[in-house]
Every structure is written in structure tokens, then in C-alpha cells.
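Both complexes below contain chain A, partnered by chain B and then by chain C.
Right after this comes the complex of A and B.
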């Protein structure tokens, strides 16, 4: 009996494992079983054996039940013995899983503390979630070339092989920061600061998504972590530290700057932007937006997604080129930013035309009383097509 | 048989003066109808209430199921357009709320109400009016919560309604108000029901039925009632905090006022985790009855099943934070809760081993009920094992809030709780209605449900592991991966599966209609059953048993039918169910005291939604509701304990009624 059963168990478990692995998508961007950083690898090393053990136990139980179904079906046999159980067997069957779980428990315990280690952190990024996008602020870290704080959103750039500590919080509801290839998720809770360590082994763009339900547009709250080589990262930092330059006079972009000053600067900061009277234009989104912040657009075109990483700034072809690039070339391609020929005009224009239609938001002025008169997300600004042309021209200069 | 609860003045028998307290006390008459709609509206009979619980739960099962189908239709293709983001968020919130609070819990209550008194040889529950009150509360709660669809939108925060997203700023419609206040009413139903059943089981067992001779369904339901008794107050507190925040400007979860939003999570899950066992233990109880009957063997390791059930009841309180591994609790809490969660897998594993060993060496008859019971063992095992992978906290931080956990809890709750309930339908239908559900349709129902459920929830394991988060109203091709078996493929399979599942449940409804039209009566003991509920007519008389049985064995009914030959050790039938029944009728008890129907449970329960509507829209309405509540309580208190003889119509004939025992 035992060899026969063993053969069945082996056969079925092998079949199930093959079916399962063959049944997976190739290159799913948020695959949890393709770790690309040390933290995700620690998790993966723990979970693979656990899944295997669970799979084997599942197969054994199923086989035992199937065996009973076949072997003990009513064929007119006599009334079975009215046994009430065998305590020795029962106790054995209680101790056995307890031992297996104790083993799993020891490794889990160790891994939990390994993952919480922060003493050897090499770089800090503050991460703030809000409805429905992520802001990253890099405090000044001169040893990494960050001489002044950098504020960006959507895509978080890190140097490869560097142990980065995220300090997460939120400006409104609970969100959760999750880049599956680099680590598990950690909630960003208002009023608290939670830490999460991330590092990437190779340059690349790693996709993620908010995984704590955060209201209407939860599905559209995405993010990426972009790992660059140390040199590329230095170049990125250098660019981020510069202010936006005002476009040349008498260009469409310059007119766009006027529209921006009129319509957008209430919420969106562009570092270096000056009002007509020459004073710096400072965004004060806290007056208009519930979260009290809107993405800083100084280097919008250095990122390749917008609106909470929900939409591409790159056209389809250019996106495929950058996202599909090998780890050697991805840095250069990413740093090239979004050029004229690559800009995804369609989505950007649709967004400027009517943002809430693309990404549901509580931005209806009629409902502002329920949110203390503040928008949640970007409202429909009622721009004319003319204004949109000008704005697109201006935004394209924010490299 | 006519009404038996009325006092009968028999010539020559002098009733003690205490037998007619009704005339001395009480300001209101009690209703007396034994037929027609009034007999349902004012009933306190545990069996009628059980059926009413069942009908209500089935209605909400269909409603929650349709919500689920809409969700799957939306997700069948990328950028789904069936539902808007707002409606989708309401849909998944209400799907979970409906299935948990308005289907599985009331359906378990239906079985508990109907069968616990029968299984312990009692004539009713300890507090019959409170029992009716509980039913009207949960029905009111179900209607009240769903009213929100018509008043500006249902709750949209997900069924665990994390703060501060559930606050008035972030959820400006009244949906969450309806949700919180409605669940408050449902909580009243659960609490009164729990107290009632605990008292019933502890005090009203037939003579000789020690706790360790109690049927396992009764045992596990008793554990559930204790879980409810301690878990419901926690959610009550949480819901009060939420309602005061939303309706009266309190700041319990307002971060700017210094609150910590994690407070809600702790409160919710201290309730929410025991709740999981509240949902699944009744089904464990059901299949612990079904498997022995159709294996012709006692349950293997009865004490292990009972004590592991109790152990789950205890350890279930120490694992709540495993829902919060990603919340940022810190490594010490995470490690501790990770280990305690693994510990709870042990008593659960014990049950699976015992069920399998009950089959082992048995004489298995594959009825529809048995199909569902065996289906539960396998499907729940899958859900249990994916649960063990979740208990490994670092791994959970990858899988939580993805479709992997959606797969996990649907294997546990659909494969576990729902399959158990369906097993119960097929097993107990002849007892409840005197007719057996069609077995052929039943098996078709089973196979469609098994295929549908595995097609719907099986691919969700892959979807989750490959990074699709839950609660997204749309998924996009950009994150779906390459290849034929990409996430788009599995989303489509899951959606097709949900339609097959729907078809399976539709077959059950067809079966019910077909059976109710059929004239064929079920035999008295169709399954050769083992426990007391089968030792009476089907459906049972209003007083359940003509004679309160004296219990000598676990599986008392079996031991009355079969006897072991002392020489050959073989079991021989010594009596049929009909013979046992005839013997009972011949020796019927002379004094049977049954409670009279009452107006007050439904009146009292109906004041609660009025108060809640007042809390949301206008305080004066709440005050009026409150006044009626107090008046109804007085009415309840001032009601006579029985209806006087003269109220009954038509008058009873001497032979067909039984005397009322003097009230003590």
C-alpha cells in the first residue's frame, strides 16, 4: 500500500507543481516570486519551502480522502467497527504538524528580525502617501550628492546596491507601499512613521501599487522604483537639484507658463518659477486640496509616468523601449527623460481636459462642502484647447 | 394535532392556582394563531424561527452572490466598464458585508435554532421570545443596511472599514452610517442569540446527556456562541466610536486631533478574527454529523474534535494582529502573532485528520450531503494551507491585500463554511420539511459548485502571487504580464467560473422548488442517522418530542436502533425508527408546557431601525423611536406568560390536546 500511495503522491504533486508553474504569466511586473533585491530574496528563501511543504501536505490529505472514497465505498459490507478513535494516533497526528510548524516558526522568527534591521542603512527617502499618489522627499545627504532636499513623485529613484530606508507616512488615509520585486508591503499611516528597507541588485524599473484600500481611485494609485547605477544616480540627482528655466519669450511654451501661473500653481510647485512681478511662485495646495499637497512638477519630464504613476508620459513605442531595456542600458534610456518625439500627447491632453474623467476623484465643486471645501485630487479646470496646447508646450520643458 | 400550548381544564383534575397566572399578571393578551401569516409573524417556536432565519439568509446569499457576479463581470476584461469606481467600491464592501453578516451568520443561526433543541432533546430554547426578537433584529439590520443603496450609495470602505478612510471626510455618503448602525442591530441579534443558545445548551439537555454525549454540531455551535458573546461587544464599541465620529463630530480616529488610526484595526480584528471561526465552526459541526452517518461509523476521536474546537475558540483570541502584518506593528508583535497563528493551525489540522479517519474503514454512501461534506474536507484543507503560508509574516507582507488572500478566504469560507451549510441543507431537509431534496439534482448542484468555485477562486492564487492587488475596480494590461497564461487569462477564467458557480446555486433553488412541489414524503429516518433530532416525526411536532428521551450514549438514536452481539461483536438492528417513534407516541408525556406566541419581539425589534434612521437624518425621529422602544419593552414585560384557554379558537377537543404543566 505504502509504495503505491507514495507513487501516487509523488505523481500528483509533481503534476500539480508543473501545472502551477506553467500556469503563470511571464514577466508579470508585480510578480512576488521574482525577487530582485536582498529583502525580497530573504522573504523568497523563506516562503519557497513553506509553499512546498504546504503543497505536499495538501496532496497527502487529498490522496487520503480519494483513497477512502475508492476503498471504503458501500459495497454491502458489514457494519463497520464502531470505533471512537485511537488516542495514540490522534496525539501523534497533533504532534507531527506542531513539529513542522515549530520548524517553520523558528525560521519565520529569524526572518522577521532580519528584515527589520535598519542599522546599516545607507540612504533615507521619506515617502508620503495621499489620495492617490506618492510623494518622495530625499532629505539632504551630501555623501550621496544630495546637497539639498529633492522632492519628486510617482517614481522613486535609488542607486543600485544601496540599502535604502523608507520612512513612510500619509497625509490622509492609510496607504501601503509595495514594490514586490524589492520587499513586502508596509502601510503608510497618517500620524505615524513606518520604516521599510529596500534595495535593488540591478538597474531597472520595478513596478508597484498601493495595496491598502484608500478610497475611490485606489486602483489608480501606482508607483515605480527605478534603480540606477551609481553614476546614473549622481546624474539624476544633479538634474533634480536644478531649478526649472523659464522658456524663451514669444514661444508657445512661454504662453503656457502664463497659463500654468494662472491655473496650476495654486497646487503644483515648479521650483524656480517666477510670477509676472518677478517674485517666486509658491504653491499653497493646503488651501485647495485635502491632502495639502500636489505633485511637484519641476522635473515632470524626467519621470515617465504621471498622475500617481497611473498613466504613461511615454508613448507606447518609447515605453516599450525604456521598460524593456537591459540592465546595462536602462539607466541611460531613463535619464534621457521624455523627449518631444516620445511624449504621450493623447493621455496628457485628456488629463488636462478633464482629469477626474480619467481617474475618478472627489473633485466635483458641487460636493466640496462634504470635504470642508477642499478638493480630493485634481478637478476639471475647464481649460480651452488653446490653453491645453500652451500647457503641453510648457510642461514639455520641465525636464 | 391541535395546539398544545393552551392550558386544558380536564374534568376531575384540579390545576394548581399557579397554572393561571396569565389572568393575574399582564396587561396585554398574547396572540394565539397557529396557522396563517400571524403564526409566523408572532411565533416564538424555534423551528419556525429557524426556517425564517434560513429563508432570510438564502435571500441575502443570492443578493450577495449577484454582487459578486457583477464584480467578476467588471474584472473579466482590462479597464472594465460595467461598474464605476464608486459603485465597484460599494459592491465589494456590500458583497462581503452581506455574505458574512447576512448570509453565513444567519444561516448558521438557522441550523442552530432549528437543531440544537432537537439534538439535546429539548422542547424549545430557553428564552423563546428573545429568540424571535433576535430574528427580527437581523432581518431589520439586513434591510436597513441595504436601504443605503437607495439613499445616496452604500458603504464604500471595504468590509473592515479602516479608519480614517471610513470617516465623514473620506466617505461623505451615508453608506457607512447605514453600515455601522445596521451592524449594531445585527450585533444585538447575535448577542441575544448567543446568550439564549448558551443557556439552552447548558440547562435544557435531556436527562443523561452529559456534555461529552452531546452531538458535535451542538458542541461547536456552543463554542461559536461563546465567541459571539465576547467578540460582538468589541465590534459594538468600535461601531459606536465610528458612528459618534461620523454623526456627532467625535474624533476617535481623527489624526489631526491626536488619534491613532490603528486603534480601529485592533478593535475590528479582535472581533474580526474570532468572527472567522464564528463563520466556519458551525459548518465543521454539520459535517461532523454528516460524515459519521454516511460512513456508518461514529466520529473518529470525538473528544479531540470537541476539544480542538474549544481550543480554536481560545487561541482564536490571540491571533488578530495577523491581519495587520503590513500595518507597521514592529518586529516583536509581528513575530509573536506569526507564531500564535501557526499554533491555531494545529487544532484545525486535528479536525481534518479526524474527518479523514472517520471515512477510513467506513461504509460510505455518497449522498449529496456526503458530497458536500467530503468537498469541505479537501477545499478547506487548501484554504487552511494557504492560511499557513499567510501565518509566515514576511511571506504575508508580499501576499496580503492581493488576490492570493482573496483566494485563501474564499477557500476557507466558500469551501469551508458554505459547503458545510449545503451539506446541512441536503442532510436535514427531510427533517425540516418532510421531503428529501432530489439527490440527482443535488449531485449536479455539488459538481457545478465544485468546478465553479475552483475555477473562480483557484486562479486567484496565481493572480495574487503575480501581484494583482484586491479591491481594484480595474486592472490594466500594463501589469498583466506576457504569455498565454497571463493575468488577463486567469481573470477571465475566474469570471467564467463565477457564472458556473451561479448556475450551481441556481440548481439548488430549482431543487428546492421541485421538492416543495413533489408529493413524495421522506421516510422517517432516511439516512439511518445517529442523533436525537431524527428520533421524532419529520417535520417535528411543535413540542418536538412526545417523550423527553433519556440519553445513555453518544449517538443515542443509533444505539436505540442497533445492538452489538456480545459474541460475534457484530451490530444487529433491534428496532426501526418507526418502532421507536410508535413507542414514544404510546408513552407520550402527560404534561407539555410550550410558550405562547408574542407580539412584542417584532414590535420591539422594529423600533431599532427607526432609531438608527433618526441618528442619521434627524434626532427627533430617533427620540420617537426610543420612546416606542421603551413602550415595547414595557409591553414585553407586562405580557402574560401564556394565553388563556378562552382565547383559542376553535376550542380544543379533549383527545388531541395535552395538558399544560403547572407553571412553577
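Right after this comes the complex of A and C.
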């Protein structure tokens, strides 16, 4: 072997090894090659053979090109005889790819139709995107124990083995919902409702992120789907249907409720929260936020991430415990919510101190002319450390 | 030292500069128009420089000049149009921007035509050749513009006529006009030997006829029932109760294409209201509607009687202490017709004492509740 060829071989095998090792990443929650639901498996059944075919062809073409480059490189030899056209080869090279593509096409179409099936849906969740978080609302479905609509954000809870239909839309710009382990992606478009069906085989937490560029914090617009066993799901529903209870008098949390009524309730709804005069406090995010919505915080501590699932509500240790749990235990651990010993105080405080510093948002009061003075995201409210202490105490009660 | 080409472009540059000064001084001193005019000036100045630099691109003067004794050139109407345009520009500066822009368009169009015509006429001594290169330059511009203007006139004239005459007369006029076009067109096609003047005559006469009837219809105004419907404010759906207006479009949006985006379809059949939500197979009396987001429902009437769907969307304070119901509704529709209704409910159901509902005015005891999470 000449030194040149040896160098090429070394280079190619180096690249191959890198690619191979990169493919072995263990902590890859958004790996499209690890389907965990039936629709994702339908896609996987298509992409495996297509990838194999494409891979074989890719290798053949690459080898042929490399061979030609090496074999016919300019060594000062005479110009070979020039010919033009070779019908048999040309026709063959047109028909063969056409056949392969037609074959792939047939299976692709079948997959597309399989994926769009909704007739055997067992549960519906409305998914609404806005800059830069997802809201989920569950229409009343008495057969599932959901007697009143449920509303939550960031983490979507579904019962395991249940065919769930997402009805996606958006309140501002186009977003796209994608949980790679459960199905492909689907755009959430303002003014339209797009459906996407998915289900999970096993209890667990499945991560994803917005896959349609949607502005400043697109990269921080993440989401999770939590699949729970049927019993655990029923427990979750029962909890979500309850209203928040007012903290006992003369506690820090009670003072926090006061701060919340002053500062937060104009955007955030807490079901059951009453104003000082005893009437229900109704949030008005439509008057303060450009998208017209802010997360409902009634059961904030029942989810374990916040602000578009971009940050953890759980401390590092507790998070590892829940997220690393086996499919048998994950449900119970998730339902335990965020207890006092597990609360990620640092990040929650940082958020309340100055949210836009943590997650870029259009929240500078001086620059809101294009949105009629409404914020996109949560503004810096200039709270004192004292207020933050009280608020954290209050928020911790929202189980 | 100044070649003919550069003189033309220098003149244009000077002219546009003058116009922009006048424009900024008299018409509109905001930046937009001035920028546009100055860009034109920059362009012509650049062209002037180029033509000066390469001496009009002429290799050897004399080669292409028309030989002595060649036929005199045809007269051109473009100087006349350009003059009218110029007058329009000046008059527009004093009167109305519209006149100014019409004048400017005339000026630009005649300038282009004039420029290319004189260029083509000097190209060779062969007149047909000259005409052909003129056509090659200008037809791609002229044809689309003329077609657009022609179509515009036809559409505007026809629509005025249709709005002025009664519905039935409108249908008859359409049928007769269509048949006439087909008939005359067939004759033209079958008899290519027809005299050219006759063909042109017929075309011109019908064009004038269309435009004239359009003008006549426009000055005559809308037909009575449309005027009345407007007075009743029917088009803005001001009232969502039982229909009192007579003059409304009974078939408006008879069929719609929003189907795939409706969160629910509401059906009226045998005096009963039912709802079906997107993606859910069963029929219900309660629908969930997104909070603080515009969304659409479809109303389908399967009963003989005309009906409309009215949505109660909560209340709003109009003045201190005065609260008004927020209603929205579809058009009145007949049997087997559909209407889409797009609305937005900003606050969840818990903000309203009375549930949000969908009802059909005049139909007692039937109502679909809208739940807003």
C-alpha cells in the first residue's frame, strides 16, 4: 500500500469510528431510533429498512467514487479515448432508482395513512403552543374520570397504553410538537387545529422540544410527556380536579398568597384562589400577555419542570431519582410531586427574581410597542427577597 | 462630447431630481416617496455615466445609420402621451396625489415606449425588422399590462351591473352575454376570411358596450334590497336573535372549506341541537373550546326552517355598572347549508356566572354548553 492510500484509509476509518461512537450515546432521550409507542414504531418500521437501503446505496456510491478518484487520478498518462452515451447503462440507471423509490413510496404512503388514523381514539388532549411553552387542556371525559376540564403546562400526563389524540394549535406563531419516542412531529399553527395521535407502551417520562423556529427562546421551548399506569393516572386526575387550598393564617405561605394576589394573579390562574373580598380571583393574561395565556399554577408542584420544561423544579438528586426510575416505580415517584426537601429553590428563586434573565423573552417594558404593551413571556417584576421567600412558601403549597 | 444616449439619461436624471424636489416640497415630505424618486435618479445617472463612458456602445458611427433616401419615419403618439403625463404630474402636485401618480405612470410608460420605438427605428433600414425588434422588447411588457387592464375593466363593469340589476336579471344577463361571446367567437373561428375592419369593429363596440354599461350601472347604484340590507346593518351581524331582516343573502357561504379546522360541528336536526367535537366519534351536548384563542365551529342546518346559531360569550362592562352580553352569530341559513363561526373567549368558564352557550334563536330548550378550560 502506498502512503497516500494508507492515509485515506486511516482518515475514513477515523471518521467512521467517531460516527459509530457518537451513535452510542446512552443518555439520548430524544433518540428517534428508540420508539416507545405504537405510532413511533410504525415510523421506525419504515425508517429501518429505508435507512438500510439508503445506507447500502450510499456505501456503493461512495466506494465507486473513491475508487475512480484513486484509479483514474492524473499521473501524466495520455488522454483516454472519449466516448458519448451508453443507452443500456443510462436506461438501467434511471429505472433502478425509480423502482427503489416507487417501492419506498408505497410503504411511505401506507405509513402516512396508518399514522393519520384517529377513529379508535380513546382520549383527547388539546395542545396549545405559545412563546415559549406548551399548555395542555383535557376536555371533560367522564369515562376517564375527567369530569371537569383539566389544565396544565409543560408536562403532559397520559395513561399508558391509551390512544391519545392531540389537537394542536397555537396562540401566536407556528410551533411544532415533537416527542420523538412516541410519534413524529406536527406543526401547531394559529387558526388551525392539527391532530396527532400517540400512545406510550410503558410508564416513563419522554422528552421533546419545539421543532419549528418560533423566536427568541425557541431553544428553551421544551416539553415532556409523562405516561402513568391507569391507576396512577386516575390519581393524577383526581388531584388535578381539586382547587388550591388557601394556606393557614399567620404562615409565611399565607403572606405569599397576598403577594401572589398583588403581583401574579393578573397573569396566572390558581383555581380556588379568592381575592381579599372573598370573590374568586380570575387571571387576565389576555390583557397582559401577547399570546393571551400564562401557565395555570394551581398544581405547579405536581409537575417537575417549569417555564416550558426548560428548568427543573426538582433538585438534582431528586430529579435523578424520578427520571432514572424503572417503569414500575416511576409513576409513584412522579405523583409524589415536588416536596419541600426536593424543591430546586435556586432556579425557582432565580426565576422569580428576574425571569427574562434566565430565559430570553420580550419582557422589557420599554420595547413593547409592537405588542400594544403586552409581554411575550414573564417580565421582571422587581420583587424583594422578602417577597420571594413568601412566594416560594406559597408556591410550595400548590401541590 | 455628449453622445445622444447620455444626453437622454442626463436629461432624465435632471428631470427626476427636479420632480423629487418638488414632490418633497409640495406633496409629501416623508421619506418614502423621496427615496423612490432618488433611486430612479441614481439609476438614470448611472446609465448616463455608462453611455458616456462607452460612447453609446457604437463601434463605428455610420454603419447603422439609415441610408439617404430611406422612407421617412412613422409619426409617434408617445410624445403626446408623455405631454399628457407631464401635465398630469404637474396638475397632480397641485390637486390630488392620484392625478400625480396617474400622470407619472403615463409619463413612465410613454417614455419607455418612445425610447424603445426610436431605438428600434434607428436599428436598420428595414422597417419590418425594426418593428419586430420593437415587438420583442415591448410585447412582454405590453401584453400583460393590456390584458390586466382589459380584465379589470370587464370584471369591474360586470360586477357593477350584477349589483345593480335584480338577481334574476343578473342570471339572464350572464347567460346572454356568455352565449353571445361563444357565438361571435365561433363565427370568427369558422370564418377566417371575415373582413378585418368588421372584426375590429365588433370587438371595439362590445368593449365600449361593457364599459358603458358598467358606468351606467355604477351611477345607478345598488339594487334596492342590497341597499335595504345595508341599512338594516345585516352584513355586520348586529343582531343575533330571530331574523327580522328580509333582505339578506340566504345562501351566503352555503358550503365552506374550513372543515378540517373546526373544533366542533353543531347540527340542527328535527328541532334538536347536537355537537360533535373534532377527533371524537360520539355526539355530545357540551363542547370544550380553547381559552383565549380564536377557533372555529361549524353550524349545519338539517331542518326545513331557516336558522342561525348564536353564541353567548359572557358579559362585558360597557360603562360603570352597565353590563352587556357578548353575542356572536352565524348568518341565517336554509336546509342543508353550513356556516362557520370563528370567535374567541378570553376567560375560562369559571369567570362567567352563566355558562357560555350555543343556541338557535326561537328554538326553546335546545342549547350546547361551551366549556372553556
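Methods note: the second predicted complex is superposed on the first by the 368 of 399 C-alpha atoms of A that agree within 3 Å, B and C clash if a C-alpha of one lies under 4 Å from a C-alpha of the other, contacts with A are read in each partner's own complex, and residues count from 1 in each chain.
Here is the rule we go by: a residue touches a chain if its C-beta (ideal position, glycine included) is under 8 Å from a C-beta of that chain, and two chains touch if they have at least 3 such contacts.
Nothing here was measured: the structure is a model prediction, and the numbers come from that model.
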Discussion item. Quick check on the superposition: with chain A as the shared anchor, is it clash or fit for chain B versus chain C?
Written reply: clash
Worksheet item: Which partner does A:83 contact after superposing on A: first (chain B), second (chain C), both, neither?
Response: first
Discussion item. Between chain B and chain C, whom does A:116 touch in the aligned arrangement: first, second, both, or neither?
Written reply: first
Practice prompt. Pick one for A:282: touches chain B only (first), chain C only (second), both, or neither.
Written response: second
Discussion item. After the superposition on A, what does A:269 contact: first (chain B), second (chain C), both or neither?
Written reply: second
Discussion item. Comparing chain B against chain C, which has contacts with more of the residues in chain A?
Written reply: B
Practice prompt. Using the touch definition from the top, say if A:73 reaches chain B (first), chain C (second), both or neither.
Written response: first
Worksheet entry | Touching partner for A:353 - first (chain B), second (chain C), both, neither | neither
Item to complete: Tell me which partner A:372 touches in the superposition: chain B (first), chain C (second), both or neither.
Response: first
Discussion item. Quick check for you: in the superposed arrangement, does A:192 touch first (chain B), second (chain C), both or neither?
Written reply: both
Worksheet item: Of the partners chain B and chain C, which touch A:165 in the superposed model: first, second, both, neither?
Response: second
Discussion item. Can you tell me which of the listed chain B stretches (58-66, 238-246, 490-498 or 616-624) runs into chain C once everything is aligned on A?
Written reply: 616-624
Worksheet entry | Set intersection of chain A contacts, chain C complex versus chain B complex | 190-192, 195
Discussion item. Could you list, by residue number, the parts of chain A that touch chain B in their complex?
Written reply: 20, 22-33, 40, 42-43, 46-47, 50-51, 54-55, 57-58, 61-62, 64-65, 68-69, 72-74, 77-87, 89-90, 93-94, 97-98, 101, 104-105, 108-109, 111-113, 115-116, 131, 168, 172-174, 176, 178, 180, 183-187, 189-192, 194-195, 207, 209-219, 290, 312, 360, 362, 367, 370-372, 376
Worksheet item: Which residues, counting only chain A, touch chain C once they are in their complex?
Response: 118-119, 121, 124, 126, 128, 137-140, 149-151, 165, 167, 169, 171, 190-193, 195, 269, 271, 280, 282, 284-286, 291-293
Discussion item. Which residues of chain C touch chain A once you look at their complex with the stated criterion?
Written reply: 260-263, 277-281, 286-288, 290-296, 346-351, 371-373
Discussion item. Quick check on the complex: what are the chain B residues that touch chain A?
Written reply: 84-86, 89, 156-158, 162, 164-165, 168-172, 255, 258-262, 295-304, 326-328, 330-331, 334-335, 338-339, 342-343, 345-346, 349-350, 352-354, 356-357, 359-366, 374, 377-378, 381-382, 385-386, 388-389, 391-402, 462, 464-475, 478-483, 485-487, 489-490, 554, 562, 564, 570-571
